[in-house]
Structure formats: structure tokens, C-alpha cells
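Heads up, there are several structures right after this.
First chain A sits with chain B, and in the next complex the same chain sits with chain C.
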Partner chain A sequence: MQDSLKSSSYKQLEQKSKYTNMFLRWFLYFILILFASYFIFPLYVMVVTSLKTMEEIRQGTLLSWPSGLNLESWAVAWGGRGYGAGDTFLRPYFWNSIKMVLPAVFFSTFIGAMTGYVLTKWRFKGDQWVFLFLLFGCFIPFQAILLPMARTLGVLGISNSVIGLVLVHTVYGIPFTTLFFRNYYISVPTELVKAARIDGAGFFKIFFKILLPISAPIIVVTVIWQFTQIWNDFLFGSTFSFGEAAPIQVALNNMVLSSTSVKEYNVDMASAIIAGIPTLIVYVLAGKYFIRGLTSGAVKG
Partner chain B sequence: MKTLKIEELSKNFGSTEVLKKINLEIDEGNFLVLLGPSGCGKSTLLNIIAGLETINEGDVFIDDYNVSKVEPKDRNIAMVFQSYALYPSMNVKENMIFGLKQAKTSKEKIQEQLEKVSKFLQVDQLLERKPSQLSGGQRQRVAIGRALVREPRIFLFDEPLSNLDAKLRVEMRREIKKLHQQLKTTVVYVTHDQTEAMSLGTNIAIMNHGVIQQNDTPEKIYNKPSNTFVADFIGSPSMNLIKGVLKENSGDLLFTVSGSNLEIPIKDYDFKDKSNLNNKEVFFGIRPEHIFFKKFNESDFEINLRADLSEYIGHEQIMTFDYANQEVLAKFPSTIKIDLGKETKLYFDLTQASLFNAQTEERI
Partner chain C sequence: MFKWLEKNLPKIVMAPAVGLIGWFVYGFVLWTLYISFTNSKILPKYELWGFGQYEKLWASRKWLIAVDNLLIFTALFLIFCVVIGIILAIFLDQKIRAEGLLRTIYLYPMALSFIVTGTAWKWILNPTLGIQKMFRDWGFENFTFDWLVDREMAIYTIVIAGVWQSAGFVMALFLAGLRSVEDEIVKAAKIDGASLFTVYWKILLPMMRPVFFTSFVILVHISIKSYDLIVALTQGGPGISTTMPALYMTQTAFHKSQVGLSAASAMMMFMAVAAVIIPYLYSELRRENAR
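Now for the complex of A and B:
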């Protein structure tokens, strides 16, 4: 008698927990969809607007669907209208940015890997201080170093050039890249280095043959980080370069602000998307490693 | 000629003295174990022999040649590490020949060495695998193989078995022993495990606080520990050290504890110095396994002690007895029944007893 009573009350509890779970699940999906749309909304507006003609923009609403696949504004954003003065378009500046970002990412990542290697595997007196000062570099507001940097670039004779920007971004990338690599290499057993030393490998051989081949995850993290930082940088670009030598973010700004007559929203949107595409590509290609590299540092021999 | 000789070696990290005036010698083909608790400096000593650490004072000689300032790769040594330290990005083969390649050995010689060693260690089926695809025992074998292919004068082992599980550890221990028997290469082996040290070493150097406490054969270390640290460190449970006084009574020497009428006669004990023994404060040392529940030898000394505690551990039991308010442990087969709280007749094998000066803690 008591048993059956018990089992029926269990059934009730079971039913109740089923409904609670179902409700929570639906609620979860509701929240997720809500936030997803909130984040995708601006992108939607940008893409849709870039495909509309000015006529459509004036007449339709922000959300309305474009009449067709009108790529003209993209062509204008990328290649200009073809008349002389005052025609700003992104193509030359895009290549400026590429020329700036590739060497800057490469050098800052490489130097960071080297310093991280030395700070963890070839400890020396006062190495914590060196690391501390490097870390300090992560916290300095970049506005504070604009003037001294401008002077330095002037003395070196590379102000207003892509090379100058490469130098600036390499120097200010090193604190971050060093931090990444140091934290990664600290989890690599030092016995590896000892074994390699007994085997007769020297400083560079150990770095290139033993450590670098196991650094893929942290290289990916560093490259994504540096690429995003340097590509999206506006402050250094606008301060240390103008005219022909400007990177894409500066050009985008000039383009959007310098329109004299009518605001061409479709061209502006297309330009903004073009300026954002390379970072998106890097994330899509390497994003998987990004998460993996951030969460795991351990290398098991 | 000594294969390895260390003279007056001192090392400090900042203000911490890690090694204090170490002197050590190993003959060709010997297996020296450096044994001690963690932080005693044994690993530092091994790293110094390898050339991975610098020296503050003193010298290291290999084959009578002073190598104190010689690079690790030129010392003709090979080392096996606790974490195996296999290069993760290389496969087994590349791991094993990395050192030979660095030394610019000829291709034929490399191939020959690789085949010989990989067959010998039974890793010839694994040559293409990455270290991450190997089991713990296989990794250990490859690590040993990497050391073997270089045909070094001295093998250095830095706690090579402590990352393995208990069963595998016993297996690998036997393999290392076999390896040494076959190759007869000189070995320096660091461990904190006394069973490993006892079973592997032809010599054991026990270290504590950067000083070698005793460097002897395993038998001598076990039977004639040179001080209370060694006596306490070796053996499980460790040697009973009963504090008391020596009394001379009409030519006979007795060990007594004040406030107790228990007396142990000291006969035929091999004293280092026979003078001034009367009234000397000493530790009387006897191992739990040298206390019996019945008379085995004619010379065994009979004594009555109260049993206080019994720890059953399967094949044997460890009993705790009260000796004038000091604990004395004894090891018996678990089949013996002993009542707790009662006086029990015990027999001390006095030929195995040790005496230590209570102040200096040195053997007398």
C-alpha cells in the first residue's frame, strides 16, 4: 500500500521536474535567440544598406530588403568613381595595411616567442624585472607615447611611411606577444631544454627544433591578437601617417567624413565591411585554434 | 683511474647552500645511487655532473679529466629525466638520433646504433610514433634508448621511475638492473625511493641538507648506518632509536633507560672507540625486523614489553611496544596473535643492534 503511494508521488515529482526542465529550456533558447539577433542586427543593416541604391535608402526603411544585388557601391568603395581630385577609395590603402600588418605581425610574434623562450628557459639574474617592465608596456596608454614616438620616427627618417608604422606596431606588440609566449613556455618542462643541451643542441637549435614546433596553438593566438590589433588600429595610423601612406582605417575615416555633398550611406557601409573583412577571415580560419590555445597551455611530453 | 670524481664541491643558489663540500668517487662499472629526502641537493649534484648547473667551488673529474667548465655535450654523459623529456614534435626515431645528428655522426653509424639500441630495448616497432602515442613504460624505454645510442661513459638517471605507476615501476626497475648488468656502464642514479636505491645500487650515497651522510654498499648502509639520519631514513618502518645511557658494571657494559629497570647487555659490539663509554648518553638502535616473537638465535636477548598497538598490513603486522615510555616497533608475520595491553616476551637480535652518540648522533 505504502509502496504504491510512494511510486505515484514519485511520478508526480517526475512530471513536475519534466515541465520545469522544458520551461527552462525554452527560456534558454529565447534568451539565446534574443541576444544573437541583437548582435547580428547591425551587420544585417550594414550588408543590406550597402546593396541598396541611394534612392532605395531614402524611400525604404532601415530594415527593408534591397531590390536586387546592386554591387555598385562596393565597386565605388573599392575602386572609386574614376574622376581625379577628391575621389577617395580604399584599394591603395588596403594594400598599405597589408604591407604594414604582415611584417608587423611576423616580427612582433617572432620577437615575442624569442623573449618568452629566454625568460622561461634561459633564466638570468634579474629576469623577473625584465618581464615586469615588459608587462608594464601592456598597461601604458598609447596616447602617452605618441609624442616621443613621433620624434623617434622623425630622427630615424621613417615618419609617414609604412615602415614607420611597422616599427611602432612591432615595438608595442612585443609586451603582449612576450606575455603570451612566456605563459605558454612556462608550462613546457625545462627538462626538454636540458635533454637537448646534453644532446648538443645550442640556443637557436633548441628554439627552432624543439620549442617552435610545439608552439602552434600559441602562435595562432598571438597572430590573431596582433593581426586584429594592428589592422584595426586608428590612433597610430592617423598620427604617424597621412595621405598616400595611411592605412585602411584612416582612409575609411577620411572617406566617410570628407563627403562634401550627400552622405552616401551605401558606399560608407560597403567600405566599413571591406575594412573589417580581413580580421573576419583570420578569425574564421584560425578561431578554432584561438579557443584551444587560450584554454590549453600544457604540453605533455 | 676513477670514472667520476668530485672534489670539495659546493653550490649555492643565492644565499641558500645547496651542496657543502661534497667528495665522491665512482669506479668503472659501478652503480651509484644518490638517495635522500626532497631538497637534499641530490638532483642539483646530478645536474652539476651533467654540466647543466654551474659550480661555486670544487671540481668534477671524468676519467681524471677536469670537466668543471666543459659543455654538457662534451662530457661523454647521457641523462634520463623524470618527465622523460622526449621531444614532442619528433617521432621515436628522431628523438633517439637527435644527439648523434648534432654530433655530426655518419649516416651509417647512426643507422647501426639506432637498429642495435631499438632492438635491444624492444622499441623497434615504435620508431615512427610520436611520444604522445606511447605508454608510460614505452616512453621511459625510448628515453633510455636516446641515452644509450650515444654510448656514454656515464649514465645519469634523474628519478626515472617516479612518474610510473607502482606495478610498472617494479618492472622498469628490474629492466634497468638488467641493463646495467649487461652493459656494465657507470651509472649515477638519483631517487628518493629507498627500495629502488637498495635494489639497484652497488653503492648508495645518502644525502641530507647538501651533505653526504654515508656512502657505502647497500648492506653496510642497512646494517651499519653511520648516523641516526641514515638509520632513520633507511628501512620501513625505520630503525627504533631508544634513548638511554651506557653503564659499566664490573667489566660488563649495559644499556639502561633512566627510571626503568630494563637493561640490555652490550657484548661483542664493534665500537669505533672503546674509551669513555661509562655514563655515555646514547641511542640504542634496533630494526623492527630484528625483534622476534620467539628465540631464533642462541644470542637473542629476551625482554618483556607491553604491546600497545597493532597495524595489520596483509603479509605482516607492525606492533608497537612500550619500552620505558618510548615506542618500539616490531615486524611480525600476520599469523602471530599478540594480545594488546599485555606484557609480551620478545627477543632482540643484538648482533644487529647499532649505538649512536646521543649528542652528535654519530655511530659509536
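Now for the complex of A and C:
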């Protein structure tokens, strides 16, 4: 008797909680989709605006659909209008950024890999302090090094050049790349290295034969992280370069701010998408590695 | 000779990193510190001048506005990023369909530069053709949303864009934290009759203390350094109403050529970051050693 009572009230409870659950489920999806639209909204606006003519922009609203696939503002943003002075467009600066990113990513990743290797597999007294010494470089506000860096680049004769920016990005990338590789190599069993050493393998042989072959994931994480950081940098680019040597973010900002004639929002939006597309592609293709870098190296702003 | 080389090879390989960081980070910070105690204008001078630049800095109206803005921005940026991040993480943790897609959407702004973000939001928030016009065209004739050109409100547009860029990141941190909790703990609590709300509020969120701490450090760090977003969105305007320390520093150094004063402002930023980072590094290191 008591048992049946118990089970029937339990059933009622279960029934009730089923409805509450269904309601909660709908609420859950509603909130999640609401936020998703908040995050998508600017991207949507950028894309549709870039496809409109200025006439459509003035008549419609932010959300209104473009009349057709009008790629003219993209062409203008990328290659200009074809008249001489005052015609700024992104193509040359896009290449500046490529020329800056590739060597800087390569050098900083390489130095970070070697340093991380030494710090974990060739340990010495005080290596913890060396790591801390390097790690602190992740956190400094770059304003504290801008003035001496500007003078140093001047003395070296590489201010306002792509080479100067490669140097800057390589140096200030090292703390992050070292952090990534150090934390990855620390979980590789040291016995492997010890055995190889007994077999007579040297410093470089161990690195190239044992560690490098298993480093693919962390290399991907590091390269993506460095690529995104350097491609998106504005502070160094705008401080140490101007005119023809500027990277794309600086050029984009100059383009948007230049108020010579009527504002062309469609061209602005096309330019912004062009400047953002390389990192966006990397994110979509390798999001997993991007997030891994983010959660372990995101101390940088 | 060869023996010595072989023995010291690891240290030689590590030397470039240590040397570069020693010179370009520590050396440069010390140089900036020194210059902040001199009366340098366009060119650095090396005679010491005492705390003059710091007195000048804290007497400057623009710097005070910058610090004020930084405090407002940091507080709001922190609260909104953490609240939105936690809500999204908990909701996503409920065995949601298309979780991967939603996560990708919440996090993609982190892949964009602040210049791209700023350019987009500047267009959306501009009163003549942006959101304001959209609502007016929809029939809300008196709808006004002109924060971007309002001295009092412009700082909040930077908060809107900043939160949009970084909230997904807090979500990722918390989601990773929630996923690392043993299932047994949640199951045991549910058997004891705890509601889902209680499970999160009383058990899981208190367990996320390290994640709160990490998010706090990272977000404060981002906000102290914020520069690009302001340049792209408001250039510190209208007037100087949205100036922040990082912008003040570069403007003072490279437009006004007040090298000593800008070095002093840079050192203030450095100290603010250090005040947040050093306890963080200390606790991280202790945790690692405890393992």
C-alpha cells in the first residue's frame, strides 16, 4: 500500500518534471540562439554592407539584404580605383603582412622549440628561474618597451621596414612559444631521452629524431597562435612603420579614418573583411588548435 | 675545446632566447623606468630629475580621464564577460545539439583583430546609418542610440565591442573547467536530490575558483592594454572622453614628443599589470610545485 502510494506520487513528480524540463530545454535553446545572433550580427552586417552600393546603404537598414552580388567595393578595397595619388587600397599592405608574418612565425617558433627542449630535457640548476624569467615577457604591457624599441630600430637602420617588424615580433613572441613547447615537452617521458643519450645520441640528434616527430600538435598550436597574434597586431605596426612598410591592420585603420571624400562604408566593410579573412580561415579550419593556444597562452591581450 | 662545447651545448642553444628577452624586455623596461625620472622631451636626456614626470602625470586632466575610463571599462568588461561566459558555458554543457557550431560562433571574434572589430562596430553604432536608423525605419521614430558621438556614453560603446570580442573566450575557459569535473560528483549530488541549479550554484561554480581567477587576470590584462579597439572605434573621442592609459602613452610619446612623461605613464601601466600578474604567477607556480 505504502509502496504503491509512493510510486504514484513519484510518477506524478516525474510527469511534472518532464514538462518543466521541456520548458527549460526551450528556454535554453532560446538563450543560446539569442547570444549566437548577437555574435553573428556584426559579421552579417559587414558582409551584406560590403555587397551593397552606397545608394542601397542610405535607403535600407543595417540588416536589409543587398540587391545583388555587387563585388565592386571589394575590388576597390583590394586594388583601388586606378588613379594615382590618394588612392589607398589593401593589396600592397596585405603582402607586407605576409612578408612580416612568415619569417617572424618561423623564427619565434624555432627558438621557442629549442628553448623548451633545453628547459625540460637538459635540465640544470636554476632552470625554473630561467623559465620564469622568460615567462614574465608574456605579461609586460608593451608600452613599457615602445620608446627604447623605436630608438633601437632607428640605430639599427631598420625602423619603418618589414625587417624591423619581423625582429620585434620574433622577440616578443619568444616567451609564448617557449611556454607552449616547455609545457608540451615536460609531459614527454625523460626516459626516452636518457636511453638515447646512453646509446650515444647527441643534443641535436635527440631533438630531431625523438622530439620533433612527436611535436606536430604543439607546432600547429604555436604557429596558429603566432600567426594570429602577428597578423592582428596593431600597436607595433602603427608605432614602428608608416607609409609603404605598414602591415595590413595599420593600412585598414588609415583607410577607414581617411576622410577625404564621402565615406564609403561598403568599401570600409570589404576592407575589414579582407584584413580579417586569413585569421578567420585559420580559425574555422583549425579551431581546436586555436582554442588550445588561447587557453594556454591567452595572457597576451 | 670540443668537449667544452659539447657539455655546454644546451646552454648555448638557450642563449639567444635568454639574451633577447634580457635585452628587449628587462633592459628596455629599465631604460623606460630611468627615462621616467628624467626631464626628457623630444630626445632622451640622462640627468635625473626626480619624480617630476609622475607629479605632472597625476596633475594632468587627460591622464585622470584615462584612468577613470580604465576603471569604468575594466569593471564593466569584467562583469559582462564573466556573466555571459558562465551562462553560455553552463547552457552549452547541457548536451546541446549543434554544440560545436554554437561554440564556433561564440568564439570567432577572438580570431579577429581589434581593428577589424572596431571598424565593424563603428559602422553599426554610427547614428546616421547604423542601429539608430534601423530602428527609426522600423517605425520607432524617436529611437535614439548615439553613444558613439556622446561624450558621456562613448566609453560604453567600447565596452559593447570589447565584450563582444572576449566573452566567448571566458565561455571556453569555463566550459573546459566544467568538463574536467568528475561526473561522479554531479551524479552523487543528483541522487541526494539536488536540483540542477543547486548543483551548479553550490557545487560546480565554487569548484571553478581557479577558472575565475584566470579569467580575472586575463581580462584585466586585456583591459589595461586596450589600445587598438579605442583607436579604431573612437580615437579617444569625442574630444578626449574615451582616452585610456595605453592611448595616452603613445600620444604623449609620438605626437606630443614628451618622452619623459610618456615613460612615466608607461611605468604606471607596468605597475598595474605587475600588481595583477605577480600574485597570479606565484600561485600558478605553487600549484605546479604542489603536483
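Note that the second predicted complex is superposed on the first by the 280 of 301 C-alpha atoms of A that agree within 3 Å, B and C clash if a C-alpha of one lies under 4 Å from a C-alpha of the other, contacts with A are read in each partner's own complex, and residues count from 1 in each chain.
In this section, contacts are C-beta pairs under 8 Å (C-beta built on N, C-alpha and C of every residue); 3 or more make two chains touch, one makes a residue touch a chain.
Keep in mind it's a predicted model, so treat the numbers as computed, not measured.
Asks: Of chain B and chain C, which one touches more residues of chain A?
Replies: Larger number of chain A residues touched: C.
Asks: Report for A:R197: first if it touches chain B alone, second if chain C alone, otherwise both or neither.
Replies: In the superposition, A:R197 touches chain B alone.
Asks: Between chain B (first) and chain C (second), which, if any, makes contact with A:I210: first, second, both or neither?
Replies: The first partner, chain B, only.
Asks: Which of the two partners, first being chain B and second being chain C, lies in contact with A:E244: first, second, both, or neither?
Replies: After superposing on A, A:E244 lies clear of both chain B and chain C.
Asks: Output check: A:E72 vs chain B and chain C. Expected answer is one of first, second, both, neither. What do you get?
Replies: So A:E72 meets neither chain B nor chain C here.
Asks: Is A:P148 touching the first partner chain B, the second partner chain C, both, or neither of them?
Replies: second
Asks: Indicate the residue numbers of chain A shared between its chain B interface and its chain C interface, in ascending order.
Replies: In chain A, residues 299-301 are touched by chain B and also by chain C.
Asks: Which positions of chain A touch chain B when the two form their complex?
Replies: For chain A paired with chain B, touching residues are 189, 191-192, 194-201, 205, 209-210, 213-214, 299-301.
Asks: Any idea which chain B residues touch chain A in the complex?
Replies: It comes out as residues 47, 50-52, 72-73, 77-79, 81-90, 98-99, 102-103, 131-132, 139, 146, 158.
Asks: Okay, in this complex, where on chain C does chain A touch?
Replies: The touching residues are 6, 9-11, 13-14, 16-18, 20-22, 24-25, 27-29, 31-32, 35, 44, 84, 87-88, 91-92, 94, 96, 102, 104-117, 119-124, 129-131, 133-134, 137-138, 164, 168-169, 172-173, 176, 217-218, 221-222, 224-228, 231-232, 235, 245-246, 249-250, 253-254, 259, 262-263, 265-267, 269-270, 273-274, 277, 281, 285.
Asks: Enumerate the contact residues on chain A facing chain C in the complex.
Replies: 28-29, 31-32, 35-36, 38-43, 45-46, 49, 57-58, 61-63, 111-112, 114-115, 117-119, 122, 124, 130, 132-137, 139-149, 151, 171-172, 174-175, 178, 202-203, 228, 231-235, 238-239, 249, 252-253, 256-257, 265, 268-269, 271-273, 275-276, 279-280, 282-284, 287, 290-291, 294-295, 298-301
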